[in-house]
Amino acid sequence: MIRVGVIGYGYWGPNLVRNFVEAPGAHVVGVSDLRNERLNLVRSRYPAVETTSDYRDLVRHPDIDAIAIATPVSSHFELALQALEAGKHVLVEKPLTASAEQAERLIDLAERQQRVLMVDHTFVYTGAVRKIHQLVSSDELGQIYYYDSVRVNLGLFQNDVNVLWDLGVHDLSILDYVVNQHPRAVSATGMSHVDGQPENIAYLTLFFDECIIGHIHMNWLSPVKVRRTLIGGSHKMIVYDDLENSEKVRVYDSGITVNNNADSLYQMLIGYRMGDMWAPRLDVTEALQTEVRHFLDCIEHNQSPITDGHAGLRIVRILEAATRSLAGRGQLVELPSSDP
Amino acid sequence: MIRVGVIGYGYWGPNLVRNFVEAPGAHVVGVSDLRNERLNLVRSRYPAVETTSDYRDLVRHPDIDAIAIATPVSSHFELALQALEAGKHVLVEKPLTASAEQAERLIDLAERQQRVLMVDHTFVYTGAVRKIHQLVSSDELGQIYYYDSVRVNLGLFQNDVNVLWDLGVHDLSILDYVVNQHPRAVSATGMSHVDGQPENIAYLTLFFDECIIGHIHMNWLSPVKVRRTLIGGSHKMIVYDDLENSEKVRVYDSGITVNNNADSLYQMLIGYRMGDMWAPRLDVTEALQTEVRHFLDCIEHNQSPITDGHAGLRIVRILEAATRSLAGRGQLVELPSSDP
Amino acid sequence: MIRVGVIGYGYWGPNLVRNFVEAPGAHVVGVSDLRNERLNLVRSRYPAVETTSDYRDLVRHPDIDAIAIATPVSSHFELALQALEAGKHVLVEKPLTASAEQAERLIDLAERQQRVLMVDHTFVYTGAVRKIHQLVSSDELGQIYYYDSVRVNLGLFQNDVNVLWDLGVHDLSILDYVVNQHPRAVSATGMSHVDGQPENIAYLTLFFDECIIGHIHMNWLSPVKVRRTLIGGSHKMIVYDDLENSEKVRVYDSGITVNNNADSLYQMLIGYRMGDMWAPRLDVTEALQTEVRHFLDCIEHNQSPITDGHAGLRIVRILEAATRSLAGRGQLVELPSSDP
Amino acid sequence: MIRVGVIGYGYWGPNLVRNFVEAPGAHVVGVSDLRNERLNLVRSRYPAVETTSDYRDLVRHPDIDAIAIATPVSSHFELALQALEAGKHVLVEKPLTASAEQAERLIDLAERQQRVLMVDHTFVYTGAVRKIHQLVSSDELGQIYYYDSVRVNLGLFQNDVNVLWDLGVHDLSILDYVVNQHPRAVSATGMSHVDGQPENIAYLTLFFDECIIGHIHMNWLSPVKVRRTLIGGSHKMIVYDDLENSEKVRVYDSGITVNNNADSLYQMLIGYRMGDMWAPRLDVTEALQTEVRHFLDCIEHNQSPITDGHAGLRIVRILEAATRSLAGRGQLVELPSSDP
């Protein structure tokens, strides 16, 4: 039985608590939050769970083995650091930390303490992304040409991080998992439309050693919600639309036709899709359930999670580089060539 | 009666010929094309129209007042130059020329010759874009925040120009018409996936003096066709989806909510659209019909067309700057601050 | 404070309990279910709520004022009867009863006992249907011409009732609320594709005194889920698509054009939509929350609910007539001309 | 070389003429229409084609082998009769005739004259319907359970025929081709919303010997255009959406699950689609081109077309029966058990 404490019961915390409560082999010991009305909610839902407004009560708790952190980014490092120092396993909401240097320190500490450090890159655990990973890994798409994602909606402006750190992290974590390559440089542009606030619209291009290009399109000010990713390969291409009810992942066996003949151009314009389309059945298990059980498994079997500290670090490095490029209006910013 | 000659009867030429044939006040005298089978097609469809494989027969034709050019970009300048020198009015397919310097020379020559020089920015003449222009001009959107377009499909690779010069020119001409501001700098990224061929995927950010950002997303290698433009304003926002059968233009009265309250964030996620949506009825006249008649009107009344040589030049300048930025992997390239 | 007992904790019961728990002015005293594992679920979620496998413990409970019934249709009558006899107010899941005669007896008893009898026609309390009701009531649509609904999906076959009593009841309750007319006759067709099972596919036409026609299209065996209702009026028409994330209700100002001119037929085919479209902002409150509070209000202020016993009876009468017509392969079955 | 005359140059005639002009092995000799402005159009487009306002000039023309008829339904019989009597092959727009008795007489006459009699059931020649036919024929769907089509739009009211004879004929011809069974009885309901005009809304149920049910949903007064057909089988199901740009035909490997277990009901509601979906690549040749060439082939090789007079008769019989049932408000009308 792994005993769990959860820090933060705002937007995401209740989902973590619910999934730990329902996971076999886990027991939720306590929840902390600074707001008393959130703790009241915990008490009404889970009378047996301890509540506290001081996270240190959980970090120091002798009956807690693992800590899940669902607080604003700026506090991730300090909370995770204390939890690891106290010998707890740690699951941190995305992004892992506010800087690469912080992420490196957590990775080191977790290794020294021999504890699991996992970042909550939730999308990696969805049926859709796992299916895409499988299709790419089994070489069904052929050589990968591009990853191109639009993730926009009319959301509230956040005032502590820009849209890259909020919406972009989802695509970066999917890209990191699905494409077995790491970007070497980024170019980002964007803008803030509210004085003194972080950028609410941003565009990020990622360059790789291979002939792959990545692009992410983020906007907090869109009148419509879009969650659509195109992944192009030399044999097949994928459209992943997370707002589709049924066919979230569609696989097209379209290929490149290099043809200088004017007549066939005309023909292309009429029937531009070249082959069949196929939408595989997806596992509909809630992603966070899969993720929480993976975290528990890793603790139990002393293994490294799919979204370990290094995955978290890679994403934070890209976010840092992208933020610098944004300030330079698209200026190319190189990324370190390897993850030490 | 304005007598017209058309150079080029490939993909677009037949549409030009058909619209000039049906336009009151116009008469199609002759068509030229290098390929005999294309001329056969003209003869079977329009037995009274003269055909020739030498465009000079049209340029020198004493009974021709105006020349429409529908040939590859690389030939636009030379053909338009000869037609203007011969005293003809000229309509050139987009983009106007292969360089800004060529466009400037055509503008000068047209002014000296007192002839109409018009570029075929077809989308400007669609019911959808004219409605959007009207909404922006009448200040219904408030201050413009962004223009963001995705224009992707599985098209044939062109081997003379990159995707910017092919798909991008549509959005640049719409943006030029709709937003009464000119970009001051661009940052572009992209990639070619076929050795020795021009870029088949590109992303272009445009910066303005005002707090506006533009972004265009182009791809010849997408498994699905997308033609979706978001235009954000401080009062209202537009979604323009050219593939919609009925409601191509949707106007949302969504506004910014700067709200740091965590509880309302949760509420936002449930009901993210803030106001009503409205889809105006659009004029469904074929854009090229409207355009051809505008060209004839401008000739008859000695007026400057909406998409005159200057509009053509502005777009070519952006394309040149974007191509330089593309080579520099997102490097910022400034644009001249005014159109002389 | 109104004290509530809930009978049945299967698919719908948990939603009722949750909404009563969260409603100000209500207190959930007890929940009954025949299955112990469902009661365990109640206990883990709401430790303070009494649980029992015998519904009579709730019906006789001195501290309970109102009973909500969320059990199979066949048991509705008996449970509601006992609750009313014990002096409780009653909320019954739809359809109200398995026969019109049962519904009439419940109505009589509720009136004698001066207790609230309400049927859970949930859709009536959605923001979408309330908006449609308002548009129709305020005469925005003009004269109503038709109500036409498609409600199909790949659902589990039920073995106690046919698809009319399962899916059809939703549309009948919406139609009853929105159109201020009652059907005079019905014609229904359908089929069962599994031996010995009730019809899994059915089509129901409703005739009215006025020049209105209603049609409902139900299918448990559709590969895709569809929830689309068209409501046609002489001035405007509505498309209500319950699967849309944002614009569930669209209002079209399309009208009839009686035109024998062949040329305009051609023009119609190009631009078939005649006017603007408008999608009003909808209240996104959970329907069951609105409904539960309405039930509590009616108890407190001694009023009759929107979906009272008479509404429930009208729907059950149509279902009975439709089931007879179904057996007669479309045979017209008249409905009583008034609700006594 | 088969020499062709076309009677009627209104909405559909121009498509027939264009396809015969472009078909190898055919030559368009003449076109007739009562309206002089339509004949002017023919002359401007095809100067070599003879034009006449008297169809008898074509029927008696010694250089004409085949006559295509694209006139209102009421004139089909008389025109086809005269053409067959004059020894011409005949292609008649759908529906074949205004009554089954007329269709029978044409079939007899064509057989006696040994001429091809073909009805223009255009949809049968689309890539989509041919693919569906192939999937059903090869038993990929298993046993057919239902054919369910919605065909609605805001069209002009016709004043000579009701909506069954206008929109319904498309689905009946598709159903006739795709499902190798003939209906035994029909039940239809509908209504006219304009005094003295034919029904503008209709619903038609078809019963078969086998456990198949057909349903067609027609409306001239819908604010939106819908062209969606569901075909359910025991192994697979098809969604055919003719308004889709790319994936018109989708094949779902969903099957029936007869399951009384309440828990799995819950699971069904989350992931209601049971298997993969597949959208085959379709032939995008214009249907009328395929059809016209089939007509020419049948003439040349003395064969019976897919949509021969018998196919035309079967559809007219259903339309007659449906119109009777409509008058009887859903009254069951039997169809003759075989096509003599």
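Letters A, B, C and D name the chains as they come in the text, with residue numbers starting at 1 for each one.
Here, contacts are C-beta pairs under 8 Å (C-beta built on N, C-alpha and C of every residue); 3 or more make two chains touch, one makes a residue touch a chain.
Predicted, not measured: the structure shown is a model, and the values here were computed from it.
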Of C-D and B-D, pair with higher C-beta contact tally: C-D
Chain whose average C-alpha position is farthest from chain D's own: A
Intercentroid distance (Cα basis), chain C paired with chain B, Å: 52
Chain C-chain D separation of Cα centroids, rounded to whole Å: 38
Junction residues of chain D - those touching two or more other chains: 224-225, 246, 272-274, 277
Chain A - residues contacting chain B, complex: 10-11, 145-146, 148, 150, 152-157, 159, 185, 187, 189-191, 193-194, 197, 201, 203, 205, 207, 211, 213, 215, 217, 219, 221-225, 230, 232, 234, 237-239, 250, 252, 254, 256-260, 262, 264-266, 268-269, 272-274, 277, 325, 328-332
Partner chain C, residues of chain B touching it in the complex: 246-247, 270-282, 284
Touching residues (chain side chain C, partner chain A) in the complex: 45, 47, 224-225, 243, 245-246
